[in-house]
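Quick heads-up: structures coming right below.
Look at the two complexes coming up: chain A is in both, with chain B in one and chain C in the other.
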Partner chain A sequence: MQHINDRAIAPGTFIPEPDDDRIICRCEEVTKGEIRRAVHEGMYTITEIRRYLRTGMGLCQGQTCARLVKGIVAKELGISPAELIPATSRAPMRPVEMKVLAKEEGRHV
Partner chain B sequence: MKRYDLIVVGAGPSGLSAAIEGAKRGLQVVVFDENEKPGGQLFKQIHKFFGSKEHKAKIRGFVIGEQLLKEASELGVKVVLNATVTGLYMDKELVVKIADTIYHYKGDAILIATGAAENMVTFEGWTLPGVIGAGAAQTMMNLHGVKPGNRILMLGSGNVGLVVSFQLLQCGCEVAALVDAAPRVGGYGVHAAKVARCGVPFYLSHTIVKAEGEECVTGVTIAEVDKKFQFIPGTEKHFDVDTICLAVGLSPMSQLLKIAGCEMEDNPKRGGQVPICNEYGETSIKGIFVAGDVSGVEEASSAMIEGRIAGIAAAQYLGYIGIEELEEKFEENKAALEGLRQGMFAPENRGKLIERTEEGIPVSMNLLTKGYIAEDEIERYPGVTHRAGIHPVMECSQNIPCNPCQDACPRHCIQIGSHITSLPVVDESAQCVGCGLCVAACSGQAIFLVQEDYEPGYGTVTIPYEFLPLPQKGEKGYGLDRSGQRVCEAQVMEVKTAKTFDHTNLLTIRVPVDMVGKARFYRKIF
Partner chain C sequence: MCNTAEVIIVGSGVIGCAAAYYLAKQGVSVLVLERDQSIGNGGSSRNGGGVRQSGRDPRELPLAMYAVEHMWPKLSEELEIDVEYHKQGNLRLGKTERHMEILQGLTERAAACGLDVHMIDGAEVRKINPYLSDEVIGASWCATDGHANPLLTTLGYYRKARALGVRFCTEEEVVAIQKIRGKARRIITAKAVYEGETIIVAAGYESRAIASTVGIDIPMRKELIEALVTEAEPKMFAQMLGTADADFYGHQTDHGSFVFGGASGMESVNKDNGNMAVSSITAPCICRGIMKYIPKLADAKIVRTWAGYEDLCIDGVPVISSVEEVPGLILACAFTGHGFGISPVVGKLLSQMALGEETFLDIREFRYDRFQAAI
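Let's turn to the complex of A and B:
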């Protein structure tokens, strides 16, 4: 599947929807309306949305909302979710406290 | 930094199977799992598995888990729990968090078997306490012995939604409704039938409008949807529930593979982001393998076979065995895998409406929309016969790869034949002795023993029964039909429990003779 990263897509004017206040990313408390609005503000990729709104950046690392956010952004752009460039995966894959990251085997803090 | 021949991430069915095959061939293997208990989802599966003997059919999931763990430990596989792999770097270096310390490991080969995570859907009130995933409900019930709620609504009619609904009933919860936006039941008909005959109503082409409650869930409203999944006004239905359980599919947890730089694809048929891999489960990076749900959501039985293949392939990659052994074992395992991927629920049939069985018999549409086979549909199936004396009635109506019933009968009354998805037929020449081994062996609880001429005016029905407390002999209650409606008075004639039945008890009830074809469940008079 070809990934779409066409900056020329015009998502049209933002039209409020009745469920815009519904929370999508629970960890960072980001609503559907905020995600939709971000698309209209020029955030067309999941990476941009994540940096802009912090969706999927909380405790669960997007385990719950990644798919939901993708669906909302794709719908707003009028494309299928599979056409969106997927988000980057980075270590640590699970949240790790800084004091643990600093405590490596054989080296004591 | 510690080095291992093979590092497996995830101690579920595929990871353990791969570790076993690797260790058998002389590899030094370690398995990391972030959970406090090994086995992945297997230890939550208290139902009997489908398939044939080679797929461990009619064995309960958690027992399969125990068997795999025992085999792995006997072969010297080290299973490290509470160990979270947080990164997979160049040259197969892994960073693992164990307790409050970070450890570095290097694997000459790596197998990622991290499984899948549950999907969610949103609706008004979906963040209220009391809205949980079906997997969470299973964890609470089957690992921790906690009742998830008293009155529950299940969203999702796939096998997970159906199996968990039945487990909720076993746990003593009331299941108020089983709801799915799809127009047809997604999971096995036999799983649906055992939920429906307990009286759970099915609402297909319906979904949740909102969860109600201030502090936590106190109710739910559902409504019918049209073909475009839009709510149809005026079709709202309300239920007082304290828990809403979501079973709406799984997504592969493939992040580690992406971190490692494996080539990925977005494949909706496999459940989302999956690595591109060859037939042995090897990714675009040589020596990094995958098996199980992480490479495409399927089920535990196929995950175990994929794990075996990947474990053997890792042994070949490291030079412990030759290519001939890999190819030979691959062919064996491939045959087993293909056996599981046949029939109406084969991956290529997903979402399709199949109107006839392989035998050409029309599929029960009532089963697909209401969860049970209707009165005027049941006689079509070859397992449903009438004769003098006690005999099995097999309400198996879909072609699924499963055949324990055929081996269970000591008199060879039941035949499926060499084609594993065929519907079971009764051999009229063989004499049933009423031992009930077939009733207990059927993973779908779809076999009943019927005797129409028990005494004048009365017959008996023997049903598989997996609820506690067990009814007492002589006790009086009601016979429930396939839809869970009371249809007659019933008296318990016998309750048989045996080790070979593996916790499926056989309950024989006496019912009026015109009800032997209808009564399929029993409930005590309170």
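Let's turn to the complex of A and C:
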């Protein structure tokens, strides 16, 4: 994993592609070009891409775009998608209203 | 590739990345070693984004005031990334007479240090933020406090430092620092050996174990606290909020979502699972706290929760210090949950310390050897 860990090893120059304006993360409206460019700016892990661009941070929490983002990042880094660790899944599984989450047995809200 | 640099920084959090940036800007060669695979994966990416002066220990206040006056307003321009900094005030809310006493004490101590912070009543609070409930009877108000995006600030410093030639190596866990001819110089990781003229340790709680390899101990502990984020909501208010009771703190982000942090009260005895997993009791507790202050948010949906460690110093302020017994070693740790807001100024101070320059602010209060036994 040296190619991900040593951030001085750059993935070459950014070459624009015709479908760079295609939306990949629909919840947060992040395009393929933005994801590719982020890799060239040093974001080599899915976690970093997510924090930098908000991919997978919207309502679906990446359930739609996670695999697509992974494929784009891996290709840009010249590695297999299997080498990239997915972002941590976070509770709750589905968005939950504050008033619902706040309810616990014996608690009045 | 070469394993030497003038300055080696252990830890790629916002403090380490900021120090790397300010050093690289002056042409210094810098190497940053990070234990995790991702940059800034500790408190730097898990905090609530507060850029506060009010509520701080008087020893720490000059750093926060300098950062707010001279650094935060220009940071987006400097890093060429929108760090979403907003200087639109901090309300620390009170619901009981006891809360108001706590706020009064904090306010008086900060005002004595020259900070423009004062007490306001419930009506004035609701003039500033009409969404706050009638349970709020008053607050402390500091108009120059604010908030920023900690993820983009950390990665912004990283991106800029990397572009200036700083070498970042992740998944490099530091095992030991070794002295050569009486001076800290060599860093041993699980995979390699590195050498630098100066070593800055900015690795959160893990700094304790690393510093102990050269005989230095910092009296701190770690505590796992939690935060949550809602879906995007229409714009409601721009201030940073906190409470005298510390039930929650937070703000609305540029994205529209609300980020709130808080605690269940069980933190000091949490079962430490080592992987920063959230507890099932904390987020509901934070929600109950928030709804009492901001009833309108009861319908807001929680999208995500997460946890992160605070490195809590025994006396509540960080260690930012050179070490006399170990020349060449600089410590920057034990930020006690207040590190993000002062990260630009600490990064700049560390760059001066590493270059052997006189620091532009007095940092004697943050010495590593200030701790003494009770009797």
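Note that the second predicted complex is superposed on the first by the 100 of 109 C-alpha atoms of A that agree within 3 Å, B and C clash if a C-alpha of one lies under 4 Å from a C-alpha of the other, contacts with A are read in each partner's own complex, and residues count from 1 in each chain.
Quick note on the criterion: a residue touches a chain if its C-beta (ideal position, glycine included) is under 8 Å from a C-beta of that chain, and two chains touch if they have at least 3 such contacts.
Bear in mind the structure is a predicted one, so any value in this text is a computation, not a measurement.
Chain B and chain C, once both complexes are superposed via chain A, fit side by side. Once chain A of one complex is fitted onto chain A of the other, the partner contacts of A:R90 extend to both chain B and chain C.
Using the contact criterion defined above for the overlaid structures, shared-chain residue A:M98 touches chain C, although it does not reach chain B. In the superposition on chain A, A:L68 makes contact with chain B only, not with chain C. Once the two complexes are overlaid on the shared chain, A:E41 sits against chain C while remaining clear of chain B. In the superposition on chain A, contact is made by A:I24 with chain B only, not with chain C.
In the superposed model, A:A82 makes contact with chain B only, not with chain C. When the two complexes are overlaid on their common chain A, residue A:R51 makes contact with chain C while staying clear of chain B.
Closest CA pair between chain B and chain C after superposition: 6 Å apart. For the contact definition in use here, the residues of chain A common to its chain B contact set and its chain C contact set are 1, 88, 90-92, 96-97, 99, 101, 103-104.
Residues of chain B touching chain A in their complex: 34, 84-89, 95, 97, 100-104, 117, 119-120, 122, 124, 126-127, 251, 253, 255-256, 258-259, 264-266, 268, 272-273.
By the touch rule above, chain A contacts chain B in their complex via residues 1, 19, 22-24, 26, 32, 63-68, 81-82, 86, 88-94, 96-97, 99-101, 103-105. Across the interface of their complex, chain A is touched by residues 1, 37-39, 41, 45, 151-152, 155, 158-159, 162-163, 167-172, 230-231, 255, 278, 281, 283-284, 287-288, 290-291, 297-306 of chain C. Contacts from chain A toward chain C in the complex involve residues 1, 4-8, 41-43, 45, 47-48, 51-52, 54, 57-59, 61, 85, 88, 90-92, 95-99, 101-104, 107, 109.
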